[in-house]
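Shared between the two complexes below is chain A, which has chain B as its partner in the first and chain C in the second.
Now for the complex of A and B:
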């Protein structure tokens, strides 16, 4: 049985080697996509376009403005005397935030009276807005204690500690997800075309005449793709580590293991689609739709699963990338071992087993 | 004109008979609305919180209760030992851990500043950042009720989307997605199909000019796209309660140049591919995904490296995203959005000219 599987694998590999274009696409596409998107994706908020309306024009007010600019989060795009032109600046999107310092500010600070600052911001990008508001609050707290020369003693203070990614750099968090996304799409599409091609060309008939059983055919056909996809995965992960500074804190062996499990699942899903479809075109469309959208949206890659409605959270359990991304971040960023991510690994094995059974049943039916 | 109409009718008839087109027509908008309305949310809710209360007083329990009442946090573990935090964060079962040290209540009663520790999981930077800022908010609230006031009070005023609901922007994005799928992907596939089946030759020997063929093949998809938008719009406005502050007329007017761009891209894709499969692949990977990533729709443009920022000026969706934000949330009109309209018009004409040249080379 193993011999026959290997025979199919060798045949498929030879065929793949001759199809230069496919081979190149499978090997190069993940790396190229990672290169392009890795640079473009970031949630880190910086260079916020700030309009300043300083109606006080005192030393205190200038110091507050200075504190905003020196924080590194803001760039000043306008210096106004009155708040009226702000509407236009916000409507055009020229300004994202505005700091309005009322006329009495300097006098209030000098007289040690309570005073106010107004901070206007564009909420249409809610994610950026809430981050910016947090920055502004921090600056005002530190300016309060500086200008009033008081040591603020709030009843409760929080000492924050961020683990695994102390600067909360979003690239480090997004790149592992991006690797998963790219590998999922390319591995599903790779095999989605494999069986259906034989059907289209009529060579399925000749395979049927051989003593091969469905399982041997499927596993044999998947093996070469697993090899190619593993090479592509190694390339992508090396790039993530070398170029995007994603630290690899855990063991390479575990990383390899979980990656192979994930690839096997993706390739198996492609095989199942391939046995389902009658034409390469249908197989391709099914592969693209079923791998791209769920991996992009329901895997925790960008959008946190815990914030989704229950029904979508349930659906996310059948998305293999969910487990892979979680395990990947755990191995790469947290450096933990299988005692933590064993259930993710188990889920990937289960996914692989289910798709293999589905694909075998479907192939037997079509044979 | 008559011949143009004929080819238009032919295309619509063909569209109606294609069994595979129906799922795309009906499933795609529904899926996108669900996803952008429910899944693509960057508003954090129910962040998994582990609490290690070493104080065990009514004051410490009150603080914990405030975290949970805020609805941003969900208590997943109450720990007795601070070292257990490691395990909960390592496994990702908790994203934020709050430690209240022993003596918390005593320090507060003595008028001192009691310290609590917050540990955030930075491997999910989004949840980490927002979770921490929510936690500060809760703690500040506690500080406020204890009678402390900062000498300088920051009065935030959030324009356009006061509750900072990400859905308000994500959901109108469906309109852009539908337009891209209908006018770019499907139209390119339809054009390539004629080449694949060899019927393009037949069309070319008819008295129709290549321009008429192009228009006749593209316009039906623009029509279908428009109809779909009109069906999706009520769902956006009434089911998801997205405010529409500007005028529909402005939206319609500025959608036209965007469609010009996407139709042009559809034609361009068809000249770059010889099979429908290639057309689908090229339109998805070369044109659609990069446009989504580089439009500022999910990832802010100002965070990208300078070179990428320059590239975004050539992305039609960039301008359309600004139009959608402007019309839906800001309620502005042409007096503000004319540069976007002009940019899309310019890009559209450039793309169409390029596509037209390639199309002519191909058939010639």
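Now for the complex of A and C:
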């Protein structure tokens, strides 16, 4: 059994070694994708394009504008005397926000009277808009107490202490998910082509006439890909740590264990698809579709599972990336051991086992 | 009907089929086929594409379950003991069974691994295989760079690594030049002499002539089964005529309609006619010349397997109509 499995593994590895294109795709793609998406993907809102309409033109109004710009969240893209051109700026998307300071502002501040500023916001992207609104409120509150020289001291103060990611940097939260996403897609695609290729070339027929059984064939074929995918995973995680400053606080051993479990599941799923499909084309598309969408949408990578509708939450239980991302964040960001994420590891083992059984049954049936 | 009567082999049967049937939906690919193949026999399965040859082989190799009837290979039942059969057979499928992106040695080692060969036995079998395939000097050549004839020999060597008592070859010499084909058949003779049973399908009459016994298959049915000389002896002396004339293709319907002509067929630019009496020769000559196909020559010839085959198919379709 072991000997036949090894024969298949050696053969597959030799073929893979000669197939430069596949090899390159398996090794380089994850790193390239991580580079591209790692920089593009962030929830942090910076450099909001702000149009300023200062009709007061006083020291007080200039100080407010200055406060906005110094915060680091805003850049001034227009300085207007009247609010009319704002329509055009918002329509074209040139401005994301506008600060309108009415003519009487300076006088009101000088006279210690109640006054108002207008903050206009493009709400079409609600996520960004609510973040920007929060920044603006904070700036205005601190400016008003400074301008009116009042010491605001509310009786109860909540002093926030953010653990694991004190700057609330979304990159550190997102990159582990991104690594999971990329590894899932590349591992599924890798094996999705492995069995169907033999069907297309006609070698499957000969394999079936040997004493080789489906399980030996599938496991033997998976092993070399597990090796290559592990190399790609090491590269991706190193990049996440070195370039995106994702801390690796937990044990490398646990990290390796959970990654291999996850990869085995992805490769197994690819094997199942490969035994199902009749052409490499179909296998490729099935692989892409079934790995990309669930991993992107239902894994907690971007959208928190806890805020999903009940039905989707249930479905997310069969998405292996869900468990990997959760365990990865725990190992990498929190530095905790298996006493915390053992159930994630168990779920990955279960996924791998179920998928292997499915692939074996399907291969036997297509014999 | 003769096709369903078991045709006994000489000596103990290694392959045995009894009323073997396989249908795909309404289509009956193999229809109540029975035969026995003896140890060391070269058994030819002759028939056109779609006659059911490959389906029969796949059933015998345990790759496809029979719909009804039964078959055994090396003493094991194909429907229930296919795992045992797979240990004891070699199968060279119609489509190529080698990995073109692996070298000669890598292919040999992989197939040896699939049969769990190792150690000293492995080394000995690898040496044997390289010698048989005549590839001792090209061990590190990628299979895709080998000429077709060598690939065929290597494929055969691969499925013989574990020294199976039975080997199934499904149209093994397709797309190979005549010289390589002849040498491949020399190899088959050697195997047979060493006691290996060779079950081979072909649609080449030349190859069929080299088999010990030939089974004629058509539309899923076994039409005839015997040694090539005995199959050909089914014709009375002088009843197979070769007709040379102008516009042979157009003369064929005319020839078929002449009195005493049992059947006729086109062979290249000539016609073959089977007649009920050698004396019909003169009549054919004059009739065709009068019909404007002169010059006409009619000569009695020794029947070929193809004549046997054509007559068998004609008779079978007549029976089907009746």
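Convention: the second predicted complex is superposed on the first by the 364 of 367 C-alpha atoms of A that agree within 3 Å, B and C clash if a C-alpha of one lies under 4 Å from a C-alpha of the other, contacts with A are read in each partner's own complex, and residues count from 1 in each chain.
In this section, contacts are C-beta pairs under 8 Å (C-beta built on N, C-alpha and C of every residue); 3 or more make two chains touch, one makes a residue touch a chain.
Just so it is clear, the structure is predicted and the values come from calculations on it, not from any experiment.
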Does chain B (first) or chain C (second) touch A:252, or do both, or does neither? neither
Kindly classify A:6 by the partners it touches after superposition: chain B alone (first), chain C alone (second), both, or neither? second
By the touch definition at the top of the document, which applies to A:243: first (chain B), second (chain C), both, or neither? neither
For the overlaid complexes, name the partner, chain B or chain C, with more touching residues on chain A. B
Figure out whether A:206 sits in contact with chain B (first) or chain C (second), or with both, or with neither. second
Touching partner for A:350 - first (chain B), second (chain C), both, neither: neither
Touch test for A:231: chain B only (first), chain C only (second), both, or neither? neither
So, does A:160 touch the first partner chain B, the second partner chain C, both, or neither? first
Quick one: in the complex, what on chain B touches chain A? 20, 31, 35, 38-48, 63, 74, 89-92, 95, 108, 111-130, 132-133, 135-136, 139-140, 142-143, 146, 148-166, 168-169, 275-277, 280-281, 284-285, 290, 293-294, 298-300, 302-305, 308, 322, 325-326, 329-330, 332, 336
The chain A residues in contact with chain B across the complex are 33, 36-37, 39-49, 90-93, 109, 112, 114-131, 133-134, 136-137, 140-141, 143-144, 147-148, 150, 152-170, 172-174, 280-282, 284-285, 288, 292-293, 297-298, 300, 302-304, 306-309, 312, 326, 329-330, 333-334, 336, 340-341
Interfacial residue positions of chain A with respect to chain C in the complex: 3-4, 6-8, 10-11, 14-15, 18-19, 201-203, 205-212, 367
For chain C, which residues count as touching chain A in their complex? 61-63, 83, 86-87, 89, 91-102, 106, 109-116, 118, 159
